[in-house]
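As written, the chains take the letters A, B, C and D, and residue 1 is the first residue of each chain.
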Amino acid sequence: MTPLLELRNVSKAYMRGVFGRERFVALQGVDLALDEARPTIIAIAGESGSGKSTLGLLVLGLLQPTEGVVLYRGKAVSTLRGADYQRFRREVQAVFQDPFAVFNPFYKVDHLLQVPIEKFKLARSRHEARRMMEDALQAVGLRPEEVLGRYPHQLSGGQRQRIAVARALVLKPRLLVADEPVSMVDASLRAAILESLRRMRDEHGISILYITHDLTTAYHVADSILVLYAGRVVEAGEVERVIRAPKHPYTQLLIDSIPWPDVTQPWGSKPLAKREGERASVGSGCRFAPRCPSAMPHCWQRVPPLYRLAPEHVVACYLYESEQAAQADIARA
Amino acid sequence: MAIALDPQAPLIAQPSRWTLVLRYLRRNPSLPLGLVLLIFLVGFGVIGSLLIDTSTRAYPLAAPPVQPPSAEYPLGTDRDGRDLLAVMVRGVLLTGAVGLMAGTVGIVVGTTVGFVAGYFGGWVDAVIRWLTEVLMTIPPLVLQVIIASTIVDKNKVTIFTMAGVASVLAWMGTARMVRAQVLSLRERAFVNMARLSGMSNLEIIFRELMPNMLPYLAASFVGAVMGAIGASFGLEALGLGPVREPTIGMTIRWAVYHSAIFNQWWWWVLWPVLALILIFASLALINRGLDELANPRVRRTE
Amino acid sequence: MTLQESPVLRVRDLRVTYYTDAGRVTAVNGVSFDLAAGERLGLVGESGCGKSTLALALMRMIKPPGRIESGSAVVRTEHGEMDLLALDEESMRKARLSVISYIPQGAMNALNPVLRVGQQMLDALQAHAPHLSRAEMRARAEAALASVELPKDVFDRYPHELSGGMKQRVCIAIGILLSPRVIIADEPTSALDVVVQRQVMETLQRVQEQLGAALILIGHDMGLMAQVTHRVAVMYAGQFVEVSPVQAMFTQPLHPYTQALIQSLPRLDNRGVFRSLPGVAPSLLRLPSGCVFHPRCAQVMEVCRREPPPAVHTADARFVLCHLYGDDENVAPRATLTTSPQEVRR
Amino acid sequence: MPLAYLLRRVAFMIFVVWSAITLLFFLPRLSPINPVRERFAELQRSTGWAPRDLERLVKVYEVKFGLNKPLHEQYVDYMSSLLRGDLGYSIMRYPRTVGDLIAQALPWTIGLLSVTTLLTFGIGTGIGALAAWPRSPQWVKGLVTPLVVLAAIPPYLLGLLLIYFIAFRAKLLPMGGAYTLGRFTGPELSFPFLLDVARHAILPALSLILSTVGFWALGMRGMGVTVQGEDYVTFAEHKGLSLRRIFYAYYVRNAILPQVTALALAFGSIVSSGILVEYLYGFPGLGSLLNAAILANDFFVIYGIGLITILAVAVSMMVVDLLYPLLDPRIRYTRA
């Protein structure tokens, strides 16, 4: 069966400088596949500059890969035209990080919901459109009469972000890219938004790419997780396994540094091998080698492939060389 | 588990729109001041041309030459026998017309160029940036002098020629502003949102970007009008203006040409200078007011 | 810990009001607390609850239309006590950095882009210790850089040549340059990745302990508070609603707001459980009657709508502002973690 | 400064200048107006003298000025003579060369404009910096609106008012010219002469200063307001620095960066920015020369003036780009 979404060896490089002489590789050789039959939430985790947001924009078709291909229902996204393109546009939606920036300040918040209803002809009448909007707002815990007809700056960040989620609900997409949807929302409201995401998966069969730097929320909402470091996948697998027993030295460092809100779960004891800001260029080797406490000589030579440790757990690290090299479709959980 | 509904939150009290407008005007008096001046000038021109037959009185031989202000000629007359009151009335309208025409061309061309450069980028942007860079190295007055003196026949200059010459450079400021604005707006997430909602490029430009730029465009338009009036005035002062039309600039040109000050014909100089100063002052105040309106730093405090 | 006995900072009844176009906004509404030398106090709350205003008030950096209405903030130094809120402008200027220092949020832009890092440190020394020779100043600055584990050459670098974590360390180095008694760190790591955040926080903690200074850590990340602080103050709509030692705060929160807040946090042991706090923070322009939290409170009572709650100091040195604990001296919490706000919701 | 960057920047400047000159070359040649014929028409209008064999004379002059050749050959000739620094002959003052006329006028212009530009920059930037500084007295902030109006008024108009009120009515200063013609036969290096020149320069300078000081003040104020809100200014206050140090090293030092760029550009355009005022006061700089050339249809002089203004602007833009990284350490020599 054709996967809903498939990334094959996708890389994205940005050109910098006036004549594009500097090449900055944001993402390199990423493979990913999602089946429609089993809706799932995949967390894409990594620190800033890891390429996680680039991955989201590539999936949304807002960026084109420099290498590899992004396929939606078996067709390359960049070549979609006509009805196929309309279907892709409607079925692949997003919730972005900044709940203020997604609103056009010129319009009332209704605009965000009205435009897709109008463009995708989801409603036969204005009355029906209005009802759809109200239903969606209620589904995310907002009172329509309190938010409709107001301007974005008159609402709180949490309310705005929930409207953005409601927009996704109106469209009933097949795939939702949620790029840091709660990082700019007060802690007390995060749970409500994450809960809406999970219900989208359960009740509407929507698959979600949950892009985040925050592993605590990833742990809570996602089924599987994919950890990026400097544009490459370093570890991926079922979320419980990866968070509870990380294998890659970077993932270990990352998870060890999570400040859990729990006094019985103290901050990690792992030694911090290298300092921040020292990301020496590594040419052809593992990008993490300069910071890695267990780096071996050949880590500097070649990029480690993904090794499969379990049916649902792969890691790109020579420490696990003895394990079997894995297939690319890591996320086909 | 259902998601908890917000308990009824008290709506944040917003002062009424009018209160906000009044408060804004108190903080930013440039705009109303400029508008009052502008209304006065327009009123002077419109009402004046209804009361006075400017089509004859503003031209030579309509009155005895060099009369100081009197009951019959409240502003006096010039050496060629023009009634200066009629000249002022017609001149304000003509000068305004030149500015409006050139400003309109400037804003339309500038907005289009700026949008194309900013939104599509790439080589189009590179060509446009190269062109503006080149045009920027040629001082505007010099370029306009060259155009007006070598392409246009000096004796056949009309106010349309003036507007044409003035608009050659009137688009650049707008184009640069629009390009910069588009570049910053384009990165905003709402543009991505619009694309995900199925909007095309054109729709994004007109429905999403353009409304946000209205205050900037308004300020830019006023700036272009001001620039065009300034440019045409420069050309007129140098004798490259419409010799047969009583624009304010040409009136000053003739007064200087005939050494009006030296001959003690002070009224011939003073009225047109005052009129132009009023025109520039009103436009500058409006431009500044709109600029502050467009500036998000100011708006955020509302 | 016997922290209460000799407070290095004693804040009483601090009130800050902003006079805005839309009306009067009391951003800090009668806050009192003590801080012991060497103590790390966390200050948490939703955005707009007044926590940054409180910090700015202690630095006397409230600008119009804001105004400090009342209160005192007495710091104990080796030269005696001084009330920061009663000092004249010039003395306050001298007190900044040398008595109380501030490490800003978003250190990305806190350093002057056109001056070298070293010069910005020398500026601070020149303003406060002009009697030092140039060489002594340089030595002090370099020592400060070393104590935040920055290489020596940072002294001669421009801010844009440093990473985010390094810039934050420079800000910490500046903050400790004159050995202040109190350090206020306003979300010092909010822009940093978790690994860097941990490194920076560990550095801050270490230098603070070396100095024996008190630290006020402002933030919204309860996880960070749990890891770093001794005591946590929870702020809501301009008031402290609960101040408790960190252990007690996380195991047995007293105030319903704190309870809901802690319940909403994702931890390792509650995967997939989503409990959010209903409602939105009230507008400071129009505060609810009685207890400001009552419209969102799961345990709201009739009295909460009418009367402001009493300030309750418990025997185990905790503070809570809530009608639930109004009557008895030794508070036995009526609501413990077993009855969560969600479950008792109507 | 990396040599490669310098070379790239110089090459870019040459490219821009070449583009502009080429534009200026083709613009008038696309026009139907024949400059030689215009010159004779002008002569006829002013003196009544009309040559009998006009067509032959026109031909002769066209050969003399090279206007008879095909366009591309003219272009090559034009470019190669420009490279030799030869701007051709003036039509109105033939056989004097354009270069000669410009060389005579240029020192006057540069003298007047460089002084006024520096003065206005200093005064305007100072007012602007204070207008955006929160602790300034209220009246300084109130200067902004009058400056907006003043900045919008062309110096020529102010010049007219100054002539009328100060020179003509009050008779405080001379009405025009660069020096008293009766007292001096020509420029000389003596104290009385310089004093005389200064007296003559006050009014033109004042018209320029009054109308441009607002430009600098508004630019500085705008930037100052932005810098005021920057975290590093706030942090400097948190550090307890003296107000003086914050004002100069943290606030002005950052806000002034765009002003410096603008100053370099203003220096690039000093040859053109005073044209109208010079002409008004009969000040023997480029403005008066340009006005004479326009009256006489002396296109070669007009082009010559256009050319050196272009060169001045292009060079100063390059200088800005080369010097800016010294002022702002964030900018490195990578742009081209």
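Simple rule for what comes next: contacts are C-beta pairs under 8 Å (C-beta built on N, C-alpha and C of every residue); 3 or more make two chains touch, one makes a residue touch a chain.
What you see is a predicted model, and the numbers here were worked out from it, not measured in a lab.
Ranking A-C and A-B by contacting C-beta pairs places A-C first. Chain centres defined as mean CA positions place B nearest to the mean of all protein CA atoms.
Our note on geometry: subunit A versus subunit D, Cα centroid distance of 56 Å, whole angstroms. Inter-chain centre distance (subunit A to subunit C, centres taken as mean C-alpha positions): 32 Å.
Taking each chain's centre as the mean of its C-alpha atoms, subunit B lies 52 Å from subunit C.
Each chain gets a centre from the mean of its Cα atoms; for subunit A and subunit B, those two points are 49 Å apart.
In subunit D, no position touches at least two other chains.
Residue positions 141, 159, 192, 195 of subunit A each touch two or more of the other chains.
Within subunit B, residues 1, 3-6, 8-9, 12, 14 each touch two or more of the remaining chains.
Touching subunit C in their complex are the following residues of subunit A: 47-48, 141, 156-159, 186-192, 194-195, 198, 213, 215-217, 219-221, 240, 243, 253-254, 257-263, 265-268, 272, 275-277. Contact residues on subunit C toward subunit A in their complex (touch as defined above): 46-47, 149, 162-166, 193-199, 220-228, 246-247, 250-251, 260-262, 264-269, 271-278, 280-281.
The part of subunit D that touches subunit C in the complex is made up of residues 134, 230-232, 234-242, 245, 249-250, 253-254, 257, 327-330. Those residues of subunit A whose C-beta lies close enough to touch subunit B in the complex are 57, 60, 62, 86, 89-90, 92-94, 96-98, 101-107, 112, 115-116, 119-120, 138-143, 146, 154, 159, 192, 195-196, 199. Residues 1, 3-6, 8-9, 11-12, 14, 188-190, 192-199, 208, 211-212 of subunit B are the ones that touch subunit A when the two sit in their complex.
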